[in-house]
Amino acid sequence: MSTIVRFDNVGLRYGTGAEVLRDIGFRLETGAFMFLVGSSGAGKTSLLRLLYLAQRPSRGRIDMFGRDITSLPRTALPALRRRIGVVLQDFRLIEHLTAFDNIALPLRIAGVHEAEVKAHVDELMAWVGLAERRDARPAVLSGGEQQRVAIARAVIARPDILLADEPTGNVDPEMAGRLLHLFHELNRLGTTVVVATHALHLMSRVPSAITLRLDRGEMLDPMGVLRNPPPVEPAELSL
Amino acid sequence: MSTIVRFDNVGLRYGTGAEVLRDIGFRLETGAFMFLVGSSGAGKTSLLRLLYLAQRPSRGRIDMFGRDITSLPRTALPALRRRIGVVLQDFRLIEHLTAFDNIALPLRIAGVHEAEVKAHVDELMAWVGLAERRDARPAVLSGGEQQRVAIARAVIARPDILLADEPTGNVDPEMAGRLLHLFHELNRLGTTVVVATHALHLMSRVPSAITLRLDRGEMLDPMGVLRNPPPVEPAELSL
Amino acid sequence: MIAWLQPRAQRYRFLPEGRWAGGALPWIIGMMTFLATLALAGGMALSNGAAALTGGLSRSFTVQIVEPNPDLKREQTAAIAAMLRARADLADVVVLGDSELRALVEPWLGSGNIGEELPLPAMIDARWKTGTGDMAAIDEAVRALAPTARIDTHAQWFRPLAGVVEVLKWLAVSIGVLVVATTAAIVALSVRAALSTHGPTIETLHIMGAEDRTVAALFEYRYAIQGLVGGVIGAIAGLAVIIVIGNLLGQFGGGLAGEVSLSPLGWTALAAVPLLVALLTILTVRITVGRRLRQQL
Amino acid sequence: MIAWLQPRAQRYRFLPEGRWAGGALPWIIGMMTFLATLALAGGMALSNGAAALTGGLSRSFTVQIVEPNPDLKREQTAAIAAMLRARADLADVVVLGDSELRALVEPWLGSGNIGEELPLPAMIDARWKTGTGDMAAIDEAVRALAPTARIDTHAQWFRPLAGVVEVLKWLAVSIGVLVVATTAAIVALSVRAALSTHGPTIETLHIMGAEDRTVAALFEYRYAIQGLVGGVIGAIAGLAVIIVIGNLLGQFGGGLAGEVSLSPLGWTALAAVPLLVALLTILTVRITVGRRLRQQL
């Protein structure tokens, strides 16, 4: 299996502040499932921002999809972004669009045919329990409903890599398990998944997952497994 | 002890939709600690909206601070709101204000003297671990930091009643315990506390707490303890 | 009422400081005030001019007695002048002397060419006290005294010009009104935009128990300053242009400029424009913000 | 370039539909276009007028021969006319006949009063072909032929008026330019407000891999429509007013209106105003949005 993400000695500082990420180096094989953990302010969201190309590192080198994204021109990034699905910590739903339209967004940006959009979105909405809220705008959705819309939007276009920032903070444990199961299924279909979370009890649900532990901007990797990961087992296509 | 909140047969519908809260009736004694639980979309946030006077019920009667708030004129509400502290599910921090100024907001709205503001806010910021982020704006704070700012802002003015909507969704378990301890301390000093949460494991931390369980807009109170609560033990002032 | 003068509203910066709307709004308001000032001044000047034309000049008329016999002419002139002076509705009945007539004719004939032998007509100027009276009666009375006499009403010369001036006056006034309305629309647009940008802040302040008027004052304070600054800039620029144009007209135009100049009341009205604009701004803000705030419980 | 014409930009409504800025922007743009059209038309009309005054009318002059002796006068007149006609830089040298002169004087003296015995001066009109030539040389040549002759340059009468017209022309042009600049500022203000309101949407679209020009097109499309609608409304209103005023001037003012009217090029320029305004709007939007988008990686 090929390497989809590779960090080499990456550092990140915002403006002139101190570095919020220091000496981050790891490799993520295609099809891997990684949990990103660490206390509040450790740098999980910052690391994800690097991954979804919202931020360039202030030092070091990041390869994604086999390309050095630190040196790519700005115009080459949108095409890469369309291969990445993101669940943001604050959801970032578009206020004036219905749940359906929010979820359909990545497909429409990619120019998918409308009939296909409808079929896919409706199926996924049912899966995350939002079928009845199809035409509701984010303002009238409960926190957990919003979070599920955000997750559905991130996975609808079957991205190569899925990034989720605290995706279960606003749902009950049962729904959290269900969502994690969705991630797991996607992962088994080949999507590389990175989930930042505080909900440590969820981690046991994905036994094959690896864990990247951040502590005040530094990687805790006593075994060195992240820097030189073992190959990922080929996923059985069972869904 | 007196009753601070009393719901009588309250129903709430948004616009022309179905009722999202039905036949809610309970009493909350001054100094009580209540958990509000229920699955996503059960109506926890909606119930809190009624409590922080962002919404009038569509039927029934709500008494707070001994007054029927459903019939109070609009101009009488701000004074009541200043006696209520709220931690919103989406934080609602003011983007252009620093963490310090965000936390100081309720004191300044109440017209507290500036020297006092500074002392109080600095002390509380240290307590929630934000001393170093004093002058940071919400945009540069991590999710957990934002949540702690929101909590600090809610409690800074020592409200009579504190409402918190999923206040620990973005912090690690250790910080969650710490924040719950803060709520507990405030409660012991006389503040009535209502916390909506999915984190059921936190509930055991406050043994004296009562629980209001919502299921698709309806109250589950098989024992009837909420409708006729036993008197709350006088809190020992120990902080 | 003067809640926006409370120091707290500024001190605690519930809303961000700095230049709102990229600092452009005062300039836009200034520009609109400038246009309004010019339109107002133009309207007033044209209104004076129109009044002068339809009122002063056009109320007067001239009786010409064309009679070759000098004695008869003098007799007829005296009789007509007496008749005109006797009327209560006429004023300023003046018999033009020979020398004045000569001065009128001289440019055409060359000086020194007009000898005693030239049979100049006699002329009598008169003016209606108010409006234009019964011209036909005058005509009849004059012809009874001197059948060869002719009456020239100035109105017939000035009426077309007065019509044009009247039209331009109303154009200027309409433009002024439109400019003021547009300014209000621009301010409202900017306020709505600010409300939309700061909507979350307003909601948060509201939840935490801020009074409506405290929140409204935050906006009023900022916009009042912008409106006042813009109004003063625009009015100063407008007055400067008016004074320059007025001077140029005085220099070049001679007599006409006097008719077109502004009364002290006019100057006061122009000076009041920036205050008006600021007031309009505050009013627009108050209405727009008030409406937004009442959307929340 | 024409990305904003892509149907997808509208079909999928990444930005909310409906009237932006409360629907006021087209009216504001319309009002500004109206003012710009009027100012432009006024400037062009005044420019024509000024050209007529300083060009046509003021290029002509009149020689007056005041000579009591009719024979000598006739002689001198012929000599001067011949001299003037001989010059290559003059045109339209016309000797005014006695009857024409009588018509000029008659209003002042009453008809039938001017007998053969009245010593009317002789008059010769002439016009410089281009600009104003060497008046002093003419003066000298004329005086050599008739010492009592006098030269009237029309320029001396028209110069003050021409000065006023010139000043007003530049005022109109400056107002036009200011109005256009203000329109751009208003559009920019509105766009910045919209960007601030829709900032989260833009950021989200960006994160999900939307291209900059797709996002920019969403705004350009909406503003282009508003600019075009506003521009057309304003231009139509402006042209209507111009035509009405032009007719009134034609009705009342007689000859002068001809000098003040617009050339076909002028009409074309006025008709181009709404397109210009729409273009200005799109350009303002493109610059403002582009700057905002490049703030993100």
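Labels A, B, C and D are assigned to the chains in the order they are written; within every chain, residues are numbered from 1.
Heads up, the rule we're going with is that a residue touches a chain if its C-beta (ideal position, glycine included) is under 8 Å from a C-beta of that chain, and two chains touch if they have at least 3 such contacts.
All values derive from a computational prediction rather than experimental measurement.
Taking the mean of C-alpha positions as each chain's centre, the chain lying farthest from the centre of subunit B is D. Centre-to-centre separation between subunit A and subunit D, using Cα means, comes to 63 Å. Subunit D has its Cα centroid 69 Å from the Cα centroid of subunit B.
With each centre defined as the average position of its C-alpha atoms, the distance from subunit C to subunit D rounds to 23 Å. Residue positions of subunit A in touch with at least two other chains are not found.
For subunit C, no residue reaches two or more other chains under the stated contact definition. In terms of which chains touch, the assembly is arranged as a closed ring, every chain touching its two neighbours and no others.
The list of touching chain pairs reads A-B, A-D, B-C, C-D. Residues of subunit B that touch subunit C in their complex: 52-56, 74, 77-84, 86, 88, 92-97, 101, 105-106, 108-111, 153. Residues 8, 12-16, 200-201, 203-212, 214, 294, 296-297 of subunit C are the ones that touch subunit B when the two sit in their complex. Of all residues in subunit C, only 21-22, 24-25, 27-28, 31-32, 34-35, 38, 64, 66, 68, 104-105, 108-110, 113, 117-121, 150, 160-161, 163-164, 167-168, 171, 175, 178-179, 181-182, 185-186, 188-190, 192-194, 196-197, 241, 244-245, 248-249, 251-254 touch subunit D in the complex they form. Across the interface of their complex, subunit B is touched by residues 14, 38-41, 44-45, 89-90, 140, 142-145, 148, 165-166, 169-176, 198, 200 of subunit A.
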